[in-house]
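Both of the next two complexes hold subunit A, though its partner changes from subunit B to subunit C.
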Partner chain A sequence: MIKVSFKGAEHTLEGNTTVRKIIAALGLNPESVLAMRDGKLIVNETFIGKEAEIRLISVVSGG
Partner chain B sequence: MGYRCRKCSGDSVINMRQHRLALCEDHFIEWVQKHAAEFIRKHRMLEPEDRVLVAVSGGKDSLSLWSILLDLGYQADGIYIDLGIDRDRDESGYSKRSLQYAVEFAQSVSPRAKLHVLDIKAVYGRSVTEIARGGMGAKRKYCSACGLVKRHELNRMTRELGYAVLATGHNLDDEAAVLMGNSLNWEVEYMARQALVLPASSTGLVKKVKPLARFYEREMAAYAIVRGIPYIMEECPFSEGATSLGYKEVLNSMERKSSGTKLKFYFEFLKAKKKGLLPNYVPPELRLCEKCGEPTGSTGLCAFCRLIERPARPVGVDTLE
Partner chain C sequence: MLGKDRAANAPDRYLRQRILPEIGDSGQEKLRKSTILIAGCGAIGGLQAELLTRAGVGKIRIADRDFVDISNLHRQVLFNEQDAADRLAKVEAAARKLRSINSDVEIEPHAVDITPRNIESLIDGVDFVLDGTDNFETRYLINDACIKHGKTWVYGGVIATTGMVMLVEPRIGPCLRCLVPDPPSPGSIPTCDTSGVLNTAVGVVSSFQATAAIRALCGTVPDRRGLIHVDPWTLSFDFFKIERDSNCPCCIQDKFEFLESKRTSWTAALCGRNSVQVSPPTDLLIDMSALRARLDKAGRVEKTGLLLRFISEEGEMVIFPDGRAIIMETTDEAKARGLYARYIGT
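Our next item is the complex of A and B:
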């Protein structure tokens, strides 16, 4: 299983997927977030295996 | 096609679809710095000998901007305006947490650069939140007051501290969101005024530049991360529901379907302005405020002085929108 954290919330998803699909599964826009694994940025096309911890970061700010 | 760095085939950390360009950490840093340098030169934002003051908020854009300017060899110091924003009215509020990130970055570049901190409450006796309670309309009064205080104080401090230019961290998404708002409302005068460089005036307005306006917001967040610059990720408590965030959401939805939409929207606007498709912006005749001496289009007091002279309402009479 993949653990995904975003804005303080944790989500568990099925593995063997891509970052883009993880972002879509959480209902987010890939243009509005960045993904990190093991403290490193990864691109949305990266394949994620069965086990991983992914952190999504919102890039949108301002008011 | 894999997503390897186009330059070295290493692991890419970002894929910029609008440029059809994926880059590794090192080549992304090199790309950002190269394009920032070209953008600054092309639009005559800064001269090599200029002393630059960077408006620092503790966020990704302003800290990345400060870092880039220092890496490019500019004499760039930072200024943090402590607005005293705090939803829960405690000492560890949003402004204080943001300040910590600005201080941390300043320490990492000391003694090459220094950070000036202006505490609004210490100078004017009230935080921006408290000032906002004194006047202005209801719904967006906090953001309006905040913007007004920042514009006034950043101009004043840049001039008083002897800097040639004030640099702000507006990215392309910020600019495209402003443009979208102005377009939807047919605010042609505001569109004519929206610029990468605002020149200095003889009445005391300092030169203002936006060196990051060619980069997407996503690129600036990535830059801060790969350069190891810690920044405040939480949002200002007053920004919830802000119109500009709605515009950004719409623009990002369009970008998702058609990459390059934001880039084209903004840069074609700049081209249209250059071609004269918008009326020339004629700045209003400015006078000096009777109280603070800052330039203003009004007679008597400037908007800032009128705002801070309004008596504060007792704490607790209204709540955060």
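Our next item is the complex of A and C:
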């Protein structure tokens, strides 16, 4: 299973998918969210196997 | 008390900065000889400007398209209630405040919208660029121009209680398009309208950006490259490693799509302001005296520094010397364009 955290909430999803599909499964826009694994940015086309821990953070525009 | 001239030139002005081994006398001299651009002078841009003016950067060019509004004051440190009442251009109010802080620093204000038409002249001759904007359209433009001309810049953004910072060193580290390949669609990310802004998050992000500028200007190389993500409310700080995208259209393929489009938005709703900015399709410099005389016949006109404030039965607008106008109390872009055409002309 894949553990995905976003804004303090934890979600558990099935693996063997892409980052883009994980983001979409949580109802988020892949254009507006960055995915991090092991402290490093991973692109939306990255394939995620059966187990992983991913953190999503929103792109920040304000200033 | 020291007189103004003596205060500006006092030898101990930067003492506690010069004794830092990270800066020293040589770093202080490099700061004095440096020129920077602060693109956007709102929350993060305003604090960057104050910190770097106090630090003794020699020349600070500031570009901003807006005027001071009362809703700015909880987080925009350069402005006060009188500036908001007078609807002063932000760069004008900022220049006045910054010159009173450190008269040794040359402040060069530009009351302009940053567009593909003027970004290259704005970065011409500067050693470093700081992002003080509140939108991705302008950030991608800054990224294109800085990569094309080899200028180091620092991205920063704040929303709600969180913020992000990333230093962009052309051809060395990742650029904005390596991080976010394409601008998020309008409406797809939170804005200050919908999520608010914590002023201390502004302080954290601005401080990281100003520190990046001081380090770069002093000639020190960062220990690591990537994205800072902070949330002072939850006491969290993260650093993420970001690598250059081997297919990046900007910093690898040299495609400067945002810079070369030469396209400027005709209208833009302003974040959190219930107002719409209308821009002329080409660069121009308005004869403000002649316009004032013309508008006097159609309503009440006030001159507030560089700007004209015009109030008619149909609403209020603030007019800039570069031909832009901000139409107040509406988000209806068609209505805003109509009022612009009627009173300023196209």
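Quick note on the criterion: the second predicted complex is superposed on the first by the 61 of 63 C-alpha atoms of A that agree within 3 Å, B and C clash if a C-alpha of one lies under 4 Å from a C-alpha of the other, contacts with A are read in each partner's own complex, and residues count from 1 in each chain.
Operating definition for what follows: contacts are C-beta pairs under 8 Å (C-beta built on N, C-alpha and C of every residue); 3 or more make two chains touch, one makes a residue touch a chain.
What you see is a predicted model, and the numbers here were worked out from it, not measured in a lab.
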item: First, second, both or neither for A:36, with subunit B first and subunit C second; value: both
item: Which of subunit B and subunit C A:57 touches, first, second, both or neither; value: both
item: First, second, both or neither for A:1, with subunit B first and subunit C second; value: neither
item: Touched partner set for A:26, first subunit B, second subunit C, both or neither; value: neither
item: Which of subunit B and subunit C A:45 touches, first, second, both or neither; value: first
item: Footprint overlap on subunit A, comparing subunit B with subunit C; value: 29, 31-32, 34, 36, 40-41, 43, 57-63
item: List of subunit B residues in touch with subunit A within their complex; value: 3, 11-15, 22, 25, 59-61, 143, 173-174, 177, 217-218, 220-222, 225-226, 233, 235-236, 238-240, 242, 244-245, 248-249, 252-253, 255-256
item: List of subunit A residues in touch with subunit C within their complex; value: 8, 29, 31-32, 34, 36, 39-41, 43, 57-63
item: Contacting residues of subunit C [partner subunit A, same complex]; value: 40, 42-45, 131-136, 156-159, 162-164, 179-180, 182, 184-185, 188-192, 195, 197, 205, 227, 229, 234, 238-243, 245, 271
item: Residues of subunit A defined as touching subunit B within the complex; value: 29-32, 34, 36, 40-46, 57-63
